[in-house]
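First the structure, then my questions, so here it is.
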Amino acid sequence: MFGFYLSQLFNGITQGSIYALMAIGYSLIFGTLGLVTFAYGDIVIFGVFVGYYFYAVLGLNLILAMLLALPITFLFGVLVEKICYEKFRKEARMLMLITTVGFGIFLRSASQIIFGTGNKSIPTLIEGKIEIGNLNILYIQLGIIIFTLIFIYALRYFLNNTRTGIGIRALSMDQDAAKLVGVNVDKSIKFGHSLGVVLGVFGGIMLGSFYNAISPMMGPNLGLKAFTAVVLGGITSIPGAVIGGYILGIMENLAVAVFSSGYRDVVAFIILIIVLVVKPSGLFGKEVKF
Amino acid sequence: MTKILSSENLCKYFGGVRAVDQVDFSVDKGEIFGIIGPNGAGKTTLFNLLTGTLGVTKGKIYFKDGEITNLPPQKVTRLGIARTFQNIKLFEEMEVLENVKIGFHTQTKTNMLDAVLKNNKLKEDEEKVHLEGLKLLERVNMLDKKNNLAKNLSYGDKRRLEIARALAVKPEILLVDEPAAGMNPHETDEVVELLEQLNKEGITVVIIEHDMKVIMGMCDEILVLNNGVKLAQGTAAEVQKNPEVIEAYLGK
Amino acid sequence: MLKAEDLKIHYGHVEAVKGISFEVEAGEIVTIIGSNGAGKSSTLRGISNIEDKAGGKVIFQGEDITSLPAHEIVDKGICHVPEGRHIFSQLTVEENLYMGSYSKTDQTKAEYQDKLARMYDIFPRLKERRNQDGGNLSGGEQQMLAIARGLMMDPVIMMLDEPSLGLAPLLVEQIIKLIKEINEDLGTTILLVEQNARKALSIAHRGYVMETGNIIMSDRREKLINDPKLAEAYLGVG
Amino acid sequence: MAANIFEKIITNINKNKLKYIFLLIIVLLILPFVVENQYVLHIAVLTLMYVLLSSSLNVIVGYTGQYNIGHVAFYAIGAYTAAIISTRFNLNFIIVILISGFVASLFSLMLGIPTLRLRGIFFAFTTLGFAEITRLTILNWRSLTRGPFGIPGVPIPQIFGMRLSTNTHFYFMIFILLFLMLLMTYRIINSRVGRAWISIREDEQASASMGVDTFKYKIMNLMYGTFWAGVGGAFFAYFAGYVSADSFILDESFRFFAMVLVGGTGTLAGPILGGAVLTILPQVFRSFARYQMIIYGVAILLIIHYKPEGLLGGRTFKRDLSESEDN
Amino acid sequence: AEDTVKIGLSAPITGNYAEFGENFQYSVEIAADRINANGGIRGREVEIIVRNSEGKPNVAASIAQEFVQNKEIVAEIGDFTSTSCLAAAPIYERNQMVQLSPTSSHPDFARSGEFMFGIVGTQAAEGPFNAEYIAKEYLGIDSVAVIYINNDWGVSTMENFVAAAEKVGLEVTGTEAFFGGETDFSAILTNVKQNNPEGVYIAAMYNEASQVVNQIDRMEWDVAKLAPSSVFSEQFLKLSGESGEGLVTNTFFALEDPKEKVQSFIAEFRERADRNPNLHAAVAYDSMMLLADAIERAGFDRVAIRDALAETENFEGVTGTIEFTDVGDVVRSYMIMEVKDGDWVVQEDYR
């Protein structure tokens, strides 16, 4: 019995680490830059498909193909920013909800036409595993956790200690003032947004490689999970988003263990609402005016 | 003179910042009461405590005979306390007249059903609100702008509208936070005149202002805050002579 | 040094600035006064290009900067301390000051520390609050921070929009004095927009008077102070 | 060029508002008698239904500034309430529709009491979560809702012994409901209650300072809006004769939201146009099959780019949802 | 043009079920082209009117309304999900037009009206077959856990299987649901494994089923895997790789089927779609052929078409012999298939 809960906990941590990795980029775009997005999942999956295209259709080496996808999705991020946000920087954030929903619909359908409608399988990037007692830990799982940690620290460093990073934080609070101290607001927003996209695509590649499958329709669900993780942890806090991801993964899996699998997401959303009611800024976030 | 508004050992802490610290003061009915102090002294915070916008950390607030500590803003307003904001807070996308009409909220009773049925209660209320709203706008010389959107008003008009809106509440006491800020001397005079006129009609006025001409010219009594602490309370003459006040605030 | 020609700024159908021209010489303090809504702030916003111009030209040190993006205008040494402070609310006071030196990419750490210390000298209040979020400062504290942040840029010209708004009398004196000092000691050219016309004119060399989007008067300070019409409308008695 | 003409039409409409409203009502009343094509009528019914739904969302989002992005939950609750009651009890459909509205309203009360003090986007998160909880609960609670099978066989509504089964019948049913809804909303908006709602949207703190019990009015607003969402859902249950959870996914919620924004928030006319455009557009593009959704997405983007305040919008949203602090 | 016979096709061309809708479209068009190449039906060419139902029941209902309104359309093929079919059913029934669903396997669907026909065979038949013949006889296991997708098809598949299992003495150790689009099955597999069943019945489409077997493999759990015919597709093999080995299912359509009509259909499908047809594609093809057969006999009247369809006898399709029951279902006879060396291999034929 104890072993059962232990392995469910382990399942939760595994899944949580994927949510966490996805949440980092989301947190940068949504929490730090203040760009509402409901197309994140679709954009991420699109990016992964770009890598898949290089690999499966053009026949490049798997790792090379995936690495190549990153700069391309960076550029794609610039385009997305132009379509969904640029014109609306001074408008209400709720408009972004609709532009991104519209863009998500567009991208998802376009992906289905470009890449086909079915699931595609991506081979595991790093094969192999280590055994600790009864638990098998795959290298790819370790990779996910390690990258998550690296990204938290790298991103924190970027936002707190580099010029561009502080500029991004400043412009998210007051764009006019940021311009008046010399921040290139347009470039910084595009850069930050694209960075978030690339982080997401990287996460998506790890996810696809872990589950060996991707499909254009995975986007919305993925986005919703990343979103939930970010809100749970507190939208302003990047480590919070990561912890939010882990909590989400663990809670979902324990819900399956304790109640029934049908209530998995119900439990996730109930926790989300409870956290928001008790602590509106999320578990680790600062109170923000949003 | 009877006390109308007073506090006892009032404190508001933000983490380590003691924005208002053990302040005792009292306002007499019918006077014009000034609050001055350096920037960050806690004046606005004090207003926020008095009107229920912020919860108090410690201490008590009394209005007339009752205690109003930590009452929510809408209840405080119902009792007859109205305010304006340092950063003007109008209903920007509403017309000037509509802004004033909201002020009558507490004096009207129309509920959703009345509105749907369009019954007499609704008609009476609407008529009353409309007429009295126009009267108030006339008072502040804004009748010609009654259908402008509040956001399109000039700064001075916005300040005046805020006062008109507060008056619609029919307050016994009116708290105004830097009503003359950002105005030129001419406009400032107009505001002073308006406030003095209101005071004559029996409304107690509490005013925060950095313009000493305004404060010294019209206040019966002045409270000086510094770093959240009460530095002095007295008439204009007394306060102006107080060396601590000179040192901390007035200069020279 | 700074020259505006036929500057126009429109908000939809509102013509806030209707084609004004003026100039500021190096080393001068020039003030623009005028009642609420005259278009003073809009003029400054147009120069620093955070508001689109409907027409006209801006020349700075002989160079046309009309359509340079805002951040490049800052690089040229034009600092605009905007109306309403525009503090970065969730950055600490010190981070806000750091943002002031954002465009100074070639400055050493030591130079930066030096300047920071100088700001804390001028505004001891800010030093006390150095680790507090900008958004939690009182109005006046924010105003100090906004000016200090501007000074961190070492600007060639500083455009100040109502710096005395909401400040305690003592501070108003201080800031007026400070502006004069900056001008005299550092040689910074100043374009000052003020509601408090008397105070502004007390330190300015020249002044422009705006009304409903037009410049209706411009002269040397002595002339303006003694102009009877002006005295009645903008200076107030006493 | 086209933009210009559009502007002109809009200003013209604004000038002669009453005339056009009257004209529109007449046209809508005659429509079912001149149109013989049942498909067109069917789409007309759907259009009016979506107008009802987007208008009900507009009451919440547009007039009070509460960002409810989970409106579909209340639509679903209304539909399921109607389906469950009508298949088990023999009740007149008017009563069933009313009950459905109240049940939806009741759920919004339950959701609202703990969450309404949340501001702006945080409230939006909770409504989103609630929408998913509702959908998943419908899928899981098989004994009540038949889970993924949905509930078929919602009886044909009857009145005075007449069976209301044709598209024309349903057309008039939804027309009357919509008319009632708009009339009631119009009256409320122009009363003390509506003013209080709008003032909350504009500045909650200032509103409280005017003596408005903001919490109470926000609850009232939410309950009123969701009541009509429930009514819309109940109508849908009767019209389709069948409800299933697939009709109540999050996309549907975003669709309502898009209708409100595309048309223009905080006006009565905006969501009417938005609802109509975004209901009819996908039908027109349906024959493009696999390109249909691409066109739909692009259309939304184009409209929002062209008119960020919405096709009929005058007012814009506040940039920040709760910028109001005290000093 | 005037002199064509129009057939409506309502299918999820976009959205979650797009790949299934796409299969429908390919197959029905292949069938139509073939009919036209042979001179059409009663001398008229067949024309397919395709409408995208997005997998949403309310949209399927709107499409139904459009089709019945268009007097030139004589019958309809579709939709994919049972919920969409059921939502559209009242409209077709009221307007007396055939709705022939290639895939709706819900026992209630064909019963919901005179004009409703389903040809995939219902779960009421497939469930018992899988429990008795695949689990008990072929695999020889005594206990099984069920993992099912929480939609109408999945639940009905699960329920019918469980009911049949009880009858034949196959112990069901547990049932676990998941929602469409799920990627992580480790939690429910851990749940299921706790009771140590000998087999796992995976009631899912091939996309999710392949994920499930992948993750069973990753858990290093040695368990018998069986599934309904929905997994029978090339995609399953691609997505599951080695972990699909040994999975057993049934089908009534096999790529090895030597019949000429089957092979030429497969060839044509490969040509157009660049992959092998799966079961769904095959039934969609048969649907069109069945309708053509009925129209040939009945003429172009909607009601007459219905009657002719109901009277269909011994129709030889690519999916075997088709005849409708009284309610409009088809009783299928199944083959057992297993994945061996990365390929589907027919094991036993219960035809």
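The chains carry the letters A, B, C, D and E, assigned in the order they are written, with residues numbered from 1 in each.
Methods note: a residue touches a chain if its C-beta (ideal position, glycine included) is under 8 Å from a C-beta of that chain, and two chains touch if they have at least 3 such contacts.
Only a predicted model underlies this, so the values are computations on that prediction, with no experimental measurement involved.
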item: Any chain that touches subunit D and subunit C; value: A, B
item: Distance in touch steps, counted as few as possible, from subunit A out to subunit C; value: 1
item: Higher-contact pair (C-beta pairs counted), A-D versus B-C; value: A-D
item: Whole-Å separation of chain centres (CA-atom averages), subunit D against subunit E; value: 36
item: For subunit B paired with subunit E, centre-to-centre distance based on mean C-alpha positions, whole Å; value: 73
item: Gap in Å, rounded to a whole number, between the CA centres of subunit B and subunit A; value: 48
item: Sites on subunit B at which at least two other chains make contact; value: 44, 86
item: Set of subunit E residues in contact with two or more other chains; value: 14-15, 18, 22, 150, 179
item: Of all residues in subunit C, the ones touching two or more other chains; value: 138-139
item: For the subunit B and subunit D complex, residues of the former touching the latter; value: 44-45, 48, 51-54, 72-74, 77-78, 82-83, 85-87, 89-94, 98, 101-106, 108, 110-112, 114-116, 118, 122, 125-126, 129, 165, 168-169
item: Residues of subunit D touching subunit E in the complex; value: 37-40, 42-43, 46, 136, 139-140, 142, 147-150, 152, 165, 167, 236, 240-242, 244, 246-247, 283, 286-287, 289-290, 292-293
item: Complex contact set, residues of subunit A against subunit C; value: 163, 166-167, 169-170, 173-174, 176-186, 236, 286, 288-289
item: Subunit A-touching residues of subunit D, taken from the complex the two chains share; value: 61, 67, 69, 114-115, 118-122, 125-126, 129-130, 132-133, 136-137, 139-140, 250, 254, 257-258, 261-262, 290-294, 296-301, 304-305, 308, 316-323, 325
item: Sites on subunit A touched by subunit D in the complex; value: 36, 38, 83-84, 87-88, 90-95, 97-99, 101-110, 112-113, 220, 224, 228, 231, 260, 262-263, 265-266, 269-270, 272-273, 276-277, 280, 289-290
